[in-house]
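Common to both upcoming complexes is subunit A, partnered first by subunit B, then by subunit C.
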Partner chain A sequence: MSSIFRGNFALFLKIAILAGITAILSLLAQSAFASSQIAIGTYLVIAVVVLNFTYFTKVSIPLKFFAPGILFFIAFVIAPIIFTVIMSTYNYQTGNYISKDAAIEQVLIRGVEPDASQTTFDLVSGRSADGSYAVLVSDIANQKFFISTENELTYVETGQLTFNEYGVAITAPGFSVTSVDELATNDAYSKIRYKYSDGYYIIIEAQGVGAVFRQSIAYDAKTDTMKNIQTGQIYVDNKRGNFALEDSPETMLTPGWRAPIWFENYTKLVTDSRVRTPLIKVFIWTIIFATLTVLSTFAFGLLLALALNRKMRGRRIYRSILILPYAMPSIMSILIWAGMFDSEFGAINNLLHTHIAWFSSATFARAAVLLVNLWLGFPYFYLICSGSLQAIPSELLEAAAIDGANPRQVFRRITLPLLLQILSPLLIASFAFNFNNFNLIYLLTGGGPRNTLDGEVAGATDILISYTYQIAFGRNILDFGLASAISVLIFFLVASISFYGLRKSKVMETFG
Partner chain B sequence: MNKWLRENLWRHAFAVFMCIFALFPLYLIVLSSFNPGGSLQLTSFVPRVLSMENYKMLFSSPKIPFLSWVKNSLIISSAVALSSVVIGAASAFAFSRLKFKGKKFGIQLLLLVQMFPAILALSAVYVIMERVYSFAPSIGLGSQGGLILVYLGGSMGVNIWLLKGFVDSIPAELDEAAKIDGASPVQTYWLIFIPLATPVLAVVCLLSFIGTFNEFIVARLFLVEMSGRTVAVGLQQFIGGQYATNWGAFAAGSILASIPIVIIFLSLQRYIVNGLTAGSVKG
Partner chain C sequence: MKNRLLKGLALAATMSFAAGLTIVPAQAANEILIWADETRGPNLVKTFAKKSDWVPGSTIKVVSFSSYDALKDALDKASGTTGPDIFVAGNDWVPALAKSGKLAPVVLTAAQKSGFTPSQFFDLSYGGKLYGVPVDVNNVGMVYNTKLVKSAPKSYGDMVKFYLANKTKMGLKAGLCIAGGGMSWGGLSGFSALGAEPYQMNADGSVNYDKSFDPTAFAKNVSTLLLDKKGKSNGFYPATDTGCQDNYLAGKVPFAIIGNWHWRTFAEAGFDMNIQPVPGVKPGTYGKMFGSVSGAFLTSYAEAHGVAVPAKSLLTSFFASTKGQVAYQAEEGRPPAESGAQKSQLVLGGQKAMGAAASLSSIPQIGAFLNTNAGGANYWDSAPAYWTAVLVDGKNPLVEAKKLAAIWKANVAAGKADL
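Up next, the complex of A and B:
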């Protein structure tokens, strides 16, 4: 066996694998740099260097074990966390999503205006004689026909053209028509500005239709300003990711770019009532939800464990049935419950002979969420509690009984305190888990009911994490900046809960 | 008899009540899967018709690429489970058995990062993978390759931590003996540790498989194409989207998709419960 790890074959294998990985990562790094993803490219280069150093030198033996793990860990765990913190200081949202260079490019593309009479032409896309992108334009009103490329405009005699039934020229000598299929896949045709006349050019508006435009916005790199060519208005960088007029800062050019706004996302959480009010509402419900879930699942789990904590008929059958909710993939169970709560066709209303629109009322929706989470969670505490009950030394209980305590007293004075002591880290862990129980809320109620007409982002059953998701992805506007700020806030909340739990368990280890 | 009743009746009554509570949704879903109608309606507790229509629909309807969903889930979950255990086990071994500078810092970092729920960094992962897409579409946003990378990388913290707990529980005497006999750490790892740890690694691998199989939101954000989806995303979209009333096919699909997971889970029950306890208590 050991020869496998020493011989030439092993060395060959090692070199082959490393060479393969090096090649792939280097290629990726190269294309990352080529599309100016400097951070990702740099990380890939560092990864290549680290891997080769680790496995071809004897720098560090432990590194040979954890280098791949750590590289993944940094890339997909640490980097996103750092990136979240960075994004929380930016106005990273729809409208300010791209880099400044890309935004300038977009502003210039959009900074056009139609000519005075808003002329449009029928046209056909294709290639000119020299192979460049071109359009064959029919100015039917003036009976003029021309082939236009980015730099050139050539009139064509009517006699050389063929027309369709609407009088639109469809072929011309030297002009090759591009098929509809190619037009659909190659958007280069529609991105080009085809030459028209002094300062004006033709933009393809829809397939077969072009309109005459001219540039109205120009960028001055020296002063970093945008200028409206016609009116002479100057737009300056407002330091918040947009070009805006100096004397009327509300007038901005779109799109903007992502720009640092430092702690504004955080101060918004406190000062902006449109953010603060729902946040407080959601926070309170999150605490209530997590607390009630832990209490109810623990209570039912414990009661079951107590009920079945003796030799009795059917115990094994009970146990295997009771564990089923825990064994089912939770996604499926949550979706099944969502269907059962359906107001029209759901089984719950059938069973109760009611017509409750469960997910349209805040109270009913919250009750449903708690009930479903009880179903999902009680088997866990049943399993844990029945294990822990067996771990309590029977001498203790017997001694208490001899001293004349009745079963209820034994439970209240001995069993419960001991259990709580053993299980408190798990209760805290369960609280932390439910604090962030995204799947349940998202799949069961979607956070609702939520009055979207009023622009409400936070629904009645939204917990912090689903609210964050809602801000980031759930609406037409993506707001990664604000969502990241809330993420950072949640992290500190959860971290303090967990540290409290840790300290508890440390205490237990010392005394237990 | 009276005494038996007093002592046991409430136990059985409560247990039966909870069993009904536990079974009700599961029974209902089995019932609906055989019911050709489209809702989770409770018309009677006994099936009137036993129809296989819903099951047939899963495999024949061109609108529901159920088989490719299952295939995608299996590929993604197995790839993640296997590679995360292979990479994670080596790291866990180092953190558990080897001495090196910065080990304490590393362990504390792992512990701290564990508390940051992965979903909180979702927008960051999204943006990063969007950028990866701009130069390598096959491993960026929207690709299964990218999804595997995100799962694999994202599971590193928790997995190394979990595996370290398991490695700690394997007695160190054997690999110390090997060390005295002159084995290098690499030899100790392959010849002593891996054979010893194989059962444990298999369990962690299966747990990771279940976890990935159950993941929803990242897959939902990543996989846009209908036939490229995972089972979880596919079935959710199936009832949430344009087929809003088609619970029958959903029921059949979720039963088929759940059975393997339930079987794995029940056979690993002991480890899962112990693992959860051990992980948190040690945490």
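Up next, the complex of A and C:
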């Protein structure tokens, strides 16, 4: 058996696995570079080098164990945190998604205007006698026909042309027609501005159709400004991701771009009452929600663990049943509970013969959220409490009983403190998990109810993470910059609370 | 050791090279990529399976998303390498997507424009540029169960009277509910019939910026027709659309507002398609519905993919043409937007009836007014919030109507700059 892990077969297996991983990562790197995702591509290349170097040399044995974990940690923990922190300093919202270069390109594409009569022509794409891209244009209304390239416009006599059944010129001397297959695969011809007259040009709008335009907006790279060629108005970079009119800054060209605004998203959390007020409300509820959830699930799980810690008939069956909510996918459970709480058709109202609008009232919605989370969470604490109870030395309990302690005193003075000592890190982890329990809120209440008519942005059951999602994705105007700032805030809150909790739990280690 | 390292690296490099050779480009050079939702996507696939040579030399690929929201989500996250060349959706996404540089302008010839109305182009424009072509009319219609209701109601009061008289006898769960389009989009008729609209239109189709709805008159209608003497809901109009379609089909709701993509479901369930707009408070008047168009939109990614011209060609030769719309709507079942397709004998009765209801009483769906949160909330969130506040929470209909009117007025003022 051990020979499998040594010798040539093992070496071959190692090389094959590494080669496979190298191939996959190289493929991804190539794809990333092709998509101009330079940072991702570079990281993948570094990962390939690190992995091959680690496993093909003996430079560090521990690194062979740590390397994959470190690489995943950097890719899926460190990198998103860095990206979120960077984005929190940007004006990154609807209207300001793309890079400045892309925005300038878009502004120039849109910065054209048609001639007064919005002229369109039938045309045929091809090449002129000198091989340059050209169009054979049919001005059927005026019975004029001409070949236009980027720099030249040459009229052609009718007698020199052949026409299709609609009177569109299809061949002309010195003009070679491009095949439809070439037109479908080579778009270079469509980027040309074919010469027309009086500053206007023809652009290809569809196969066989051209429209007359002139440029109305021009970009000056030296001054980094946009100019309306016809009116002379100047649009300057407003340092917030838009070209804005000098005299009237609220008049802006679209699209804008992602621009750094440094700490504005953070200051908005404090200074802008439309952001600050709901944020405080949501923060308070998040703390209450996470605390009550941990307390209720722990208390209920412990109660059941204590009850089933004694020998009784059917104990295995009870234990199996109690684990069922944990075994079921939580998403499914939440959706089923959402249906059961429905005010019109839900099982809960039917059973209770009530007509409670569970998700329309803040109090009932919060109660429902806590109840469903209790259902989802108690099996976990039941399991770990059961295990931990087994770990408490029976001698301690017996000694206490001999000393005359009653069961309540034994529990309060011995069992619970020892359990807390063992479970503190798990309680803190559970608090941190519930602090960001997005699935439950999103699927059960959607963060609601919110008093929309009074301008409430945050719902009664929104926790920080669902509120962040609401800002980033849940509305028509998406604000990724602000959402990133709140995410960073959440990160520091959870980290601080966890750190504090862990320090506290160390204090508890001295107990007993 | 050195030998092993070299051998290993050589093999890894060989495999990497082999893998590199198998790389399939994300999009073929002559391929036009279309994104659509879960109903339009499969129907486009069926349509293109029957005829695919709409743009000579190009192939067409359709990607379907699991829902309309999933399509929106994907578009929000799309980039130059992942985005589509064309997508099919409602017109209200135009302002945000155009503002964000995700849409590219299109220009139509006079002949191509003649198949559509100016208001249809208005729906698909932003900042004076057209970003797509109208594909089909999006609207709702009110259907009534002829087994329960013997004649068409002439006013809102007729429907309420019928419901209250037969509630117990027939075991009705509601009088009028929203089975299609949700409480905001589909529910506009319910608001408008009682006198509330998010913006007012002039007879010439322009927006009347000086006028907004009268909250006092609207609240009075709500109190009279939807609340009992204690100020609680009389059950005629539920605050949610949950279960509406099932209850209507089960004969537990006599009147329902359905989307024009739904009529086949109701027809196949054995209902006569008695489609009309929701009657207003005064006989002969009707609640207005969103008579918007869905469009096929050109994205800025088409340029990056090198298929801008073929994509524009597909917009005009298929999506905006009589032949294309008839072929597509044979699968999709919505009223086509193009005038030639509307007249086609191949367009079914239900599609025509829905189109007729829209032309009788509708307003354009102006995303610049409806999507903004400038007033504190957008139309889509504030509309259902009113019904929850009044019909569920029992709040004063006038107080809430005043809040609603203030929100919508502010949104129109803010949206004006975006048009």
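Simple rule for what comes next: the second predicted complex is superposed on the first by the 309 of 512 C-alpha atoms of A that agree within 3 Å, B and C clash if a C-alpha of one lies under 4 Å from a C-alpha of the other, contacts with A are read in each partner's own complex, and residues count from 1 in each chain.
Here is the rule we use: a residue touches a chain if its C-beta (ideal position, glycine included) is under 8 Å from a C-beta of that chain, and two chains touch if they have at least 3 such contacts.
Quick caveat: nothing in here was measured; it's all calculated off a predicted structure.
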Greater subunit A contact set [subunit C / subunit B]: B
Partner chain(s) touched by A:102 [first = subunit B, second = subunit C, both, neither]: second
Partner chain(s) touched by A:58 [first = subunit B, second = subunit C, both, neither]: second
Touching partner for A:342 - first (subunit B), second (subunit C), both, neither: both
First, second, both or neither for A:473, with subunit B first and subunit C second: both
Which of subunit B and subunit C A:83 touches, first, second, both or neither: first
Which of subunit B and subunit C A:181 touches, first, second, both or neither: second
Subunit B versus subunit C as contact partner of A:260, first or second or both or neither: neither
Subunit B versus subunit C as contact partner of A:35, first or second or both or neither: both
Overlap of subunit C and subunit B interfaces on subunit A (superposed complexes): 31, 34-35, 342, 344-345, 473
Subunit A to subunit C touching residues, read off their complex: 11, 14-16, 18-20, 22-24, 26-27, 30-31, 34-36, 52, 56-58, 94-98, 102-103, 106, 109-110, 114, 118, 120, 179-187, 190, 204-209, 211, 250, 254-256, 342-345, 357, 360-361, 449-455, 473, 475-478
Complex contacts: residues of subunit B adjacent to subunit A: 8, 10-12, 14-15, 18-19, 21-23, 25-26, 28-29, 39-43, 87-88, 90-91, 93-95, 98-100, 103, 112-113, 115-128, 131-132, 134-136, 149-150, 152-154, 156-157, 160, 184-187, 189-191, 210, 213-214, 216-217, 221, 232, 235-236, 239, 245, 247, 250-251, 254, 257-258, 261-262, 265-266, 269, 273, 276-277, 280-283
Interfacial residue positions of subunit A with respect to subunit B in the complex: 1-2, 5, 28, 31-32, 34-35, 37, 40, 60-66, 68-70, 72-73, 75-81, 83-84, 87, 92, 300, 303-304, 307-308, 310, 312, 314, 318, 320-333, 335-340, 342, 344-347, 350-351, 375, 378-380, 383-384, 387, 425-426, 429, 432, 436, 438-439, 442-443, 465, 468-469, 472-473, 480, 483-484, 487, 490-491, 494-495, 498, 501-502, 505, 508
Footprint of subunit A on subunit C - complex, ascending: 1, 4-5, 7-9, 11-16, 18-20, 23, 29-30, 55-58, 73, 76, 79-81, 96, 98-102, 104-110, 127, 129, 173, 238-240, 242-243, 300, 303, 306-310, 312-313, 315-317, 371-373, 376-378, 380-382, 385-386, 388-389, 392-393, 400, 403-404, 407, 417
